[in-house]
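You will see two complexes here that share chain A, one where it goes with chain B and one where it goes with chain C.
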Partner chain A sequence: MADSIPTTALLHSSTLITQGAEAKVYRTSLHPGGAPVLLKHRFSKRYRHSTLDASLTRARVVGEARALLRCLRCGVSVPGLRFVDAANGVLGIEWVNGRSVRFLLGSGDEGEEADGNEDGVVADEELLAEYGVSKEALMKMVGTEIAKMHLADIVHGDLTTSNMMLRHPSSISDLPQGMQQLLLIDFGLAYTSSLTEDKAVDLYVLERAFASTHPDSSPLFGRVLEGYKEKMGKEWTAIGRRLEEGKLVACPHGQVDS
Partner chain B sequence: MESFAYPHFSSTVHVALFVHVTNAAKLKARIVRASTLEGTEGQVEREAVNFAFVDARLVTSVLHIQTAITQALLAAAQNTLRTKTVHSEVIWALNPSNNITEALRRYGVSDDTTALLVIRIDPLNPSGVKSRMSAAVEGTQVPMSQLASLTDWVSVKKYNKLNVDPVIREAQNNPAREHHLIDNIVVSLVAMKSVAA
Partner chain C sequence: MPTRARRSPLQKPERPYLALGLEGSANKLGAGIIRHEIDGSSIVLSNVRHTYITPPGEGFLPRDTAVHHRQWALEVIQDAITNSGVSMHDLDCICYTKGPGMGAPLQSVALVARTLSLLFGKPLVGVNHCVGHIEMGREVTGAQNPIVLYVSGGNTQVIAYSRQCYRIFGETLDIAVGNCLDRFARVINLSNDPSPGYNIEQEAKKGKRLVPLPYTTKGMDVSLSGILTATETLTYDKRFRANDPVPQDGADDDYFTPADLCFSLQETVFAMLVEITERAMAHIGSKEVLIVGGVGCNLRLQEMMGIMAEERGGKVFATDDRFCIDNGIMIAQAGLLSYRMGFQTPIAKSTCTQRFRTDEVHVAWRA
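What follows is the complex of A and B.
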């Protein structure tokens, strides 16, 4: 006899991949013989009142699903939706065979302490060669994808190099020509906004994430901005100005990386 | 006919694809009549057409119909069905609006339907499903892999309101890419139907 709650039974039959503060991530197959799917389970938080917890969990699953659909319709490269059970806090999305940008830049995956000298982490040049891109090209792709998202008035809310993935070349050959290799993921904090301020903050968050995760990040982030500028066109002027102003407020003593 | 086991839903789902269907109008009339028949005769007749009949031209992939089936199974298990049966829920899940009549008219069997997906969802996994499908539908059963060649992409785009989407307009000149993108969007639409804006 299977578990009485189908989604719980489904989670029990899945493989746990990783756990964060908000959710557990599993790999499973929804249909017999079907493609693998990633399940993101926002488990209940005992420290919250149960009623509040249920409504918050539901609202976040719904928000993430809607943001992903909006991205798909606007041509932002994101994984597709495969399963939604908002009542139980479970979101099923397309499995992407690839690596996070953070990993590809040689800083390991989130959770594992990365150190270029340790044996565990492969030299990033080798990794990038396996994926068939240069570091510069990768950074430009990141900038272009973020620009596409901002042009669709979607603000990610948590841009880090962990929340971007590059498909492995072996899984691209199954896709039709012209499909994006880079994907943005984790839209749990995303919202829609057309405000310059919100988009500039999105970029600022990413810049800080670069600075704290990757050594010598300044030229890397510069490449990201180049790709971003190119795609944004004339909308860049206002966002760029806002980004500069924001840095001055955050670091008034001129400690901003050039 | 193909059978998919969903152990976590304690269900087995049987799906068959029919082409060259010649009795669509009669089948539709029969389903409507069965719903109002009384007594034992009504029960027998309802069991004979106890399937989801889906217009195969509007289904873009096996994953598309499987996604509709799992969301319908989930709604049934949680007592949140929007329609009367799990079979009609599959058809409702495929249509982007909340209008049940519209869903049945577009995605169900209509007078000029020639390709049908016939689906039976049953926890008891009854025997003889295949012969009862063949008894209800006059047509040729073909492998599910033929589904892709039957898709009417123009109608799919229209019903899912994809013609205004920038990504679809941009991919117009590359059919393989366009179809891949459309499939990903419609599968996502079905998956999130229960929480759609």
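What follows is the complex of A and C.
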């Protein structure tokens, strides 16, 4: 494929930052001396049938780009879109200088080995101070941002604390002093829907992610819901009810004596 | 995240322990006897199973399944005792499935367990079926701290151990993967002998064309009922041929057969399962995967999981049909572990429940 050469060349000249479950993440710039750009390359999965793999990769890159654009248009804070090559599974987005919420809550970064990186786990209080936020305020921001996204009828599909970032105070220039910016990232499984059900599932997925990644901080999810409730206004009633119903189906009588 | 090796709370036994396990949460009735040796190893003394097989196109109903279990219980348990060469009097405890599963079959087996317990004066241990699968898988494969994919006719869960609890990271939002495959087997009238899932697997080997089906992963969860409906609907499509037509020159080749649908269904749902497992592995930072449950003996699923694990520099552990498919020995294994930690179920509390989540169990025997 002749048209794939520029993208391949670009990937080759970029620095590999990390490899997630589905994609390799690179740092590059699109022109010499330009602002850094994050490249997300969805590499092919050999375990899947090749036809299925190709169509999934294409659909996800396009879907992610569309969701990001829609978010940007509706004022949800997400990284800006810079580059799309769906056939090769490459998406280029704005490089965000900051940390994931998972890291800030003291559970380390995704895929990070526990041994040999003690400082990241211990220093979460200091880190939060550096970013100038309390855990509670951070959780409320998360809730507000998710609400903005849901009000725009976008469902994230994979809400976890690893998929939210707080921009480092030093890299915010156009915001008033003392304001933080929380961004939602990784829209690979996002889709458009106005259904109460889908939005409630989104929250349910996040609640479960909280319970499994931060087992000691269950009240934090309550804070997220507070921020969410406030921003959603009257739409919350239906979503809140659906969320409760969903929990009943999944776990009808809570704890059973063991 | 790799945790530092902590001392296991489970002491090495001062003498060999023996347990009988009784399982009957679905259409399989199983009895097995396990022995825990003083060096910490376990020996499977017997593992007997009898399956309630329905005619093609029919599923198993709770009431009929319970009747089957009641009819076969004594024979299956007698075989387990005879094969093991031990006597009922040598047992330390009798373990039975408390749940989850179908109500009527669970009750029938619990009743047998209670009766034996009173007859021989042996303590009862109620076991969570899912934990039974996980513990047997760990024992057979030797996997230390794997991500567990538990796939069967009634359950689809991605599980990881943390702080004396098997936490569920992802699961199905509607029907189980085995249920999805079994019900499609019914639609195309495949035999239920030895199991519908096995026949789907054989049929899928003949399939070549990948028919597009919905692909529904939601975070670490999957949704399967829509895929079943979509596949079912395709059997009414005008391109559907019940038999592969003889190839002719210039003939229309835009068609698909039952084998193609089995192939497409397997490829799609297994890709979804491997995807959520991989996501959980990345999330936790684990490199081992253990597949348990009836669907776990599907070789295509094992192969796909193997490729994924290899790409991540990890390893896949799976067992064969003796331990994958519901059996009594796994109930004995999990039950004996908790018995050795001092857990017993008094007769008055020896109930069963259709809903009993994996994360409700206190895993006292692991660090």
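Remarks
The rule we apply is simple: the second predicted complex is superposed on the first by the 230 of 258 C-alpha atoms of A that agree within 3 Å, B and C clash if a C-alpha of one lies under 4 Å from a C-alpha of the other, contacts with A are read in each partner's own complex, and residues count from 1 in each chain.
By definition in this document, contacts are C-beta pairs under 8 Å (C-beta built on N, C-alpha and C of every residue); 3 or more make two chains touch, one makes a residue touch a chain.
Predicted model, so just to flag it, every value in this text is computed and none were measured.
When the shared chain is aligned, no partner comes close enough to touch A:A238: not chain B, not chain C. When the shared chain is aligned, no partner comes close enough to touch A:V25: not chain B, not chain C. Touch criterion met: A:L56 reaches chain C, while chain B stays clear of it.
In the superposition on chain A, contact is made by A:G157 with chain C only, not with chain B. Here chain A touches chain B in the complex through residues 1-3, 5-7, 9-10, 13, 30-32, 34-35, 61-62, 65-66, 68-69, 72-75, 80-87, 92, 94, 175-179, going by the rule given at the top.
Per the touch definition, chain C reaches chain A in the complex via residues 1-4, 128, 160, 162-163, 167-169, 173, 210, 212, 215, 217-221, 267-268, 271, 274-275, 278-279, 281-283, 285, 303-305, 307-308, 311, 343, 349, 353, 355-357, 360-362. Within the complex formed with chain C, the residues of chain A that make contact are 20-22, 45-49, 51-52, 55-56, 108, 110-115, 157-160, 162, 189, 201, 205, 208-209, 211-213, 215, 251-253, 255-258.
On the side of chain B, the complex with chain A involves touching residues 4-10, 63, 66-67, 70-71, 73-74, 77-78, 162, 165-167, 170-171, 174, 176-177, 179-181, 184-185, 187-189, 191-192, 194-197.
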